[in-house]
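Single-structure report; data block below.
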Amino acid sequence: MAKEKNVEIKNNNIDISIGKEEKTVLHAENLTKIFGGLTAVNKINMKVKQGQISSLIGPNGAGKTTVFNVVTGIYKADGGRVLFKGEDLAGNKPHQIIKKGIARTFQNIRLFSNMTCLENVMAGQHCRSQQGTWSAVLQTAGYKHEESVIRKNAENRLKQVGLWRFRDELAKNIAYGNQRMLEIGRALASNPDLLILDEPSSGLNDKESEDLIIFLNSLLKENLTILLIEHDMNVVMGISHWVTVMDEGKKIAEGLPEAVYSDPQVIEAYLGKEDEEEEY
Amino acid sequence: MKKVNILIMITIVLLIGVISIPVVAADKLPVVIGLQGPITGAYAIEGEMAKQCVEIAASLINEKGGILDGRMIEIRVVDDACQPKAGALAAMKLISQKDVVAAIQTYGSSVTQPGADLYEKFKKINMAYGAGIVELTRKGYKYFFRMCSSVDKQGNFFANKVVPLFNAKKIAIMHDNQSFSAGLAEYTKIGLQSKIDAGEVEIVYYDAINPGESDFAVPLTKLRETNPDIIYFTGYFPEAALVVRQARNIGITCPFIGGDSAINSEFIKIAGLEMAKGCFMTQEPMPSELSYSKSKMFLEAYQAKYGEIPSSPWAVYAGDSLNVIAYAIDETGSTDSDVLVDYLKNKMNNFNGVTGPIGFDERGDRTGTLHTLYVVNDKGELEIYNP
Amino acid sequence: MTTRDIINNIKQTVKTKQKWPIPVIITLFVFFPILINNSYIIDVAFFLGFYTLLGLSLNIVLGEVGLFDLGHMGFAAIGAYVTAILNTSFGISVVILLPVSAIAAGAFAYLVCSPVIHLRGDYLCIVTLGMGEIIRLTLVLNPFGITGGPNGVFGIDFPSIGTLFVVDNSIKFYYFIWIIVGFVVLALVRLQSSRIGRAWNCIREDEIAAESTGIDVRSYKLLAFVIGAALAGVAGNVYATKLMIVSPESFDFMESCLLFCIVLIGGMGSIPGIIIGAAAISLFPEIFRTFAQYRMLIFGAAMVLMMIFRPEGIWPRKRGAIELKSIMTKAGTENG
Amino acid sequence: MKVFLEQLLNGLTTGSFYALIALGYSMVYGVMKLINFAHGDLFTLGSYLGYTILVLGTAYTTSYLGLWGGMVVTMLIVATCLALVGTLLERIAYRPIYSSGRLPLVVSALGASIFLENSIMVIWGARPQAYISEVIPAKILNIAGLRISIIQIIILILSFILMSILYYVVQKTTFGAAIRACAIDRNTAALMGINIGTIIFFVFAVGPALGGMAGVLVGMYYRKITFIMGWNYGLKAFTATILGGIGNIPGAMLGGLLLGVLEMLGSVYISTAFKDVFVFLILILVLIFRPTGILGEKVAEKV
């Protein structure tokens, strides 16, 4: 299984002309999530197009992360539904959803701190392997082969995110920026079709965020679709093909970056917020 | 490489173990007899007392010049903390010391069991001083002897002597789910069966309390509602004392009769004299009641050394076990187990020990122990009850 | 020379990859009973093996997955009683009962754990604790008169293959338990480095991340419990055949606590650590028996000091290249 | 009915013992996230200290202070000693390893428990001790056919007072607010300028103090005390803590009383012997259907 994926990736070096591809990968319909009294996400509609980088932006507490958590099955939607490649994701557990091809990262990095970087990435392929207890105990040929494949993929991914030199370091011991990359590497290890990144550039310095932008663009060549939550306007404008803006749980605008950027509502809700922040 | 570490560590640890084992005395002169008892743990007191008794008994013999013309008796104590696992290890510890000719076994039936199996396997005479459950002597052990009496005898004594004495119709039996007391309750029931069938008596209450607990208000209230003529509590003294107190507090006035582990000085201390006095117990002769020539000597020696006479009859049985074994060795002039077994079971009868005449039947049970009914008098002493 | 030094030395020898210790140690180990001609010490070594087996079984649940299990002795009790009852009342050979008791304990674990597996940390801890107590109490209360109540069940046979080979003395038992332990260790080492082991550790590190990395947290937790319980069941079986009696007080809360300590003193998830921990727990009382009543007192103090000066355990698991390297070479050869 | 009321009273009496001990567990857990296994043995220690004071001091206590005065003084001395021991325990066995995670703490707690239990055995001996009757008001009242011993009433009243004081302190005062804040999030509380040191001191002083007093009360009520009773009471009290919602102080009180009554009901209507099985079953059921206990509030995991 994992092997085939691998091959597929290798052959997939055709450059997709950005924006042409119109096939919808992820489709959220009237997505609603309520915590106790407050409606964190209110009837959100959004589409994520194949082979594009879409962004979900908005001020703190707009409910961006909640959308992600509903999509990836950590929270259960209170209304509406999420379609992935036309299939309703309702009732799927997170570990089933990643198997379907949606991998994610977390806002506050969640790595397996006391495991080595390589192990972290290897763990990322769990859903792409199926050897059981007995074959592991008896070290069957099938098991050895799968393990070697996992190992090879892990190496490739680790090289891809540029952390090969840290392969035997414990995840908790590497620098913050590297931890972010490692988390992305772990997500990529499951060979996803849709990669969901929760504020990947937060806590990175300019250099690092630039590298990140380049890296994300390079991922598109793997026929990946990327959905990211972002604060940093520059990052968003730099790479997004499609931007959705949320505020207080509602969608207030969506469109091409430029359009959104000049949208008065967005400026009011989003940039206005930033002014306030500056005052304090 | 992991394995290497494992192995190294194990050997290190085991070597420490080896070093720490007491070295077996090279000098074979003394006759070594093992004592296995709960030196630590919840019943440490029983073990401690048994140790003292055995030492006294040994010293009395040694003062007279030992046995087998001039060989001293040496006691080797091992601790089983009153746990089966520790019991098995303790037994092994004695067995593995080649110079130990016989073992005096421990307090508590479930601990005695694994020990008995091991001694049997290694053909070592072992004599139990505090294991009441009947099954022990029903398993055809050859080398196992029981100095104390088994619970069925006591059960029958209660059924045939005590019940008529109080001419009781409604009987309440309470035990605490531990080997000995559950067994005693069980065999009392069996002993009563004939009377029950004849419709003379009925068991109105038969239930267990949890050992180690302190609050028996609930079971006692239940018991009160059945208003029995007598209560038979087969458990141990700590619970017995509380049961009496709480029973009296909630207005149960009928006679309280305890099994042989229920009443001792501790019982009186805990229950308080005002509650304890007038409580009965079915018991083999208490140390204080022992009036045989040998017991006098023994108890004086004990008092001289420890300032009081042993409060537990089991401890004295431990001492007597030593006497019997020593006597047998002296008579047969041999320390060979089979010879001794043959002598103890077939030839020896009515050896007069501290606890009276001693003999053993084929199964290894002691013959000729008589139960009596004791009562706590106003001075808080146990005296034989004669109405 | 503190334990720390000893361990460091050994670690050195291991690091410097000297091959000589292995055969030496193994031979020492194999011939130990013949060298030490003292059945008491051999029995102590047997019980060391017994506790190692239990420690390893608990280590799967506590060390690998990080689930607090304070009722683990209950599973051993299931194994022991299944063996005892089936053997004494139906005369089934205890060797056959070895897998049976494993399966019984495993199945039991599956049944009782599946409803509570979602509980976190201390809640799971108290539930397992309660479960252990329930098992013990039920055994005492002798349901349907099969568990023999407080007396327990006795007269259990020795393990034997027909009549030609019978495990009937300390030395044979010593080999019996340590061979089992050997196999278990081998299996666990392999599991640790497999995707199963990784998944377990992921759950220990961060459940949510594990879940969204594609690990079915619930079923992997259950798997750990079932395997752990099954091994405990095996231990129980051996215990029953060794002592020839099983009685409830051998499986009380204190014992479960000791198992807990074995894992933590040895070092979570570290197999050599577990064996050291087992040694510490099972040999300590034996070695210090001469101290009689002060023994457990010292023991308690030792546990506290241990945690103060080496909280990660005597021999914590060293994560790193070694295990992965081996796989890498395999990968190389197979895909080259 | 009469029987039921009597039993209810007994249930509440044992319940209040559990509650007093449970408070110790709950407070420590709330602040430290540590199951203080040694707490049960602190309770035993309190019981033995009370015994010694009463036995040695009978002459003084009864002659100078009278029965009641003697009792009060004993209580106070025991409480102080236990507060001391508790804080010492924290300093020696727990403080050095806060940094190294929770599991080492658990082991250390177990070790401390074994140590305490056996030191008690070494000091006072293995045989059970009994509170002497002279120092205990042993009168039995007969109210409307109900037989109630004075000591029972004392226990109920005293534990009620103690608990209501604690309840007031924790729920109504700023200091209490600080404690609750720590229970929710220690680090944030520290950032808010709450002195964690003081809180920890308070928790490790008051918890054992209450436990110790419970110990004295148990001694006075049942007279018999053994060095192993800590396990039993500790286990029950801990169960009570979870039942009420661990880390939640009113919860501990409720849980304790509830457990006492449940036990009573269990042994009346099911079987005395199966009582504990019944109790643990209830506990497990509660945890399955309300994992955070009765009063514990549900906290959503922030992702």
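The letters A, B, C and D name the chains in turn, as written, and every chain counts its residues from 1.
Everything that follows uses one rule, which is that a residue touches a chain if its C-beta (ideal position, glycine included) is under 8 Å from a C-beta of that chain, and two chains touch if they have at least 3 such contacts.
Quantities reported herein were computed from a predicted structural model and do not represent experimental measurements.
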| item | value |
| --- | --- |
| Most distant chain from chain B by Cα centroid | A |
| Pair sharing more residue contacts (C-beta pairs) when B-D is set against A-C | A-C |
| Gap in Å, rounded to a whole number, between the CA centres of chain D and chain A | 50 |
| Rounded Å distance, chain B centre to chain D centre (Cα mean) | 36 |
| Gap in Å, rounded to a whole number, between the CA centres of chain B and chain A | 73 |
| Whole-Å separation of chain centres (CA-atom averages), chain A against chain C | 41 |
| Multi-chain contact residues (two or more partners), chain D | 121, 126, 273, 276, 303 |
| Per-residue overlap in chain C, given as positions that touch at least 2 other chains | 141, 208, 293, 296 |
| Set of chain A residues in contact with two or more other chains | 74, 106 |
| Residue ranges of chain B in contact with chain D within the complex | 41-45, 48, 177, 207-210, 212-215, 217-219, 221-222, 225, 238, 241-242, 245, 249-251, 266, 269-272, 274 |
| Residues of chain B that touch chain C when the two form their complex | 1-14, 16-18, 20-22, 39-40, 44, 78-79, 83-86, 88-89, 92-93, 95-97, 109-110, 113-114, 117, 121, 133, 135, 139, 177-179, 182-183, 208 |
| Chain C residues within the chain B interface of the complex | 6, 10-11, 13-14, 17, 21-22, 25-26, 28-29, 32, 36, 38-41, 43-45, 47-48, 140-141, 149-152, 154-155, 168, 170, 185, 189, 239, 242-245, 247, 249-250, 271-272, 275-276, 279, 283, 285-287, 289-290, 292-293, 295-296, 315, 322 |
| Residues on chain C engaged by chain D in the complex (per definition of touch) | 68, 115-116, 118-123, 125-127, 129-131, 133-134, 137-138, 141, 208, 253-254, 257, 260-261, 264-265, 268, 293-294, 296-297, 299-304, 306-308, 311-312 |
| Chain D residues within the chain C interface of the complex | 29, 35, 37, 92-93, 96-97, 100-108, 110-119, 121-122, 126, 231, 235, 238-239, 242, 246, 273-274, 276-277, 280-281, 283-284, 287-288, 291-292, 301, 303 |
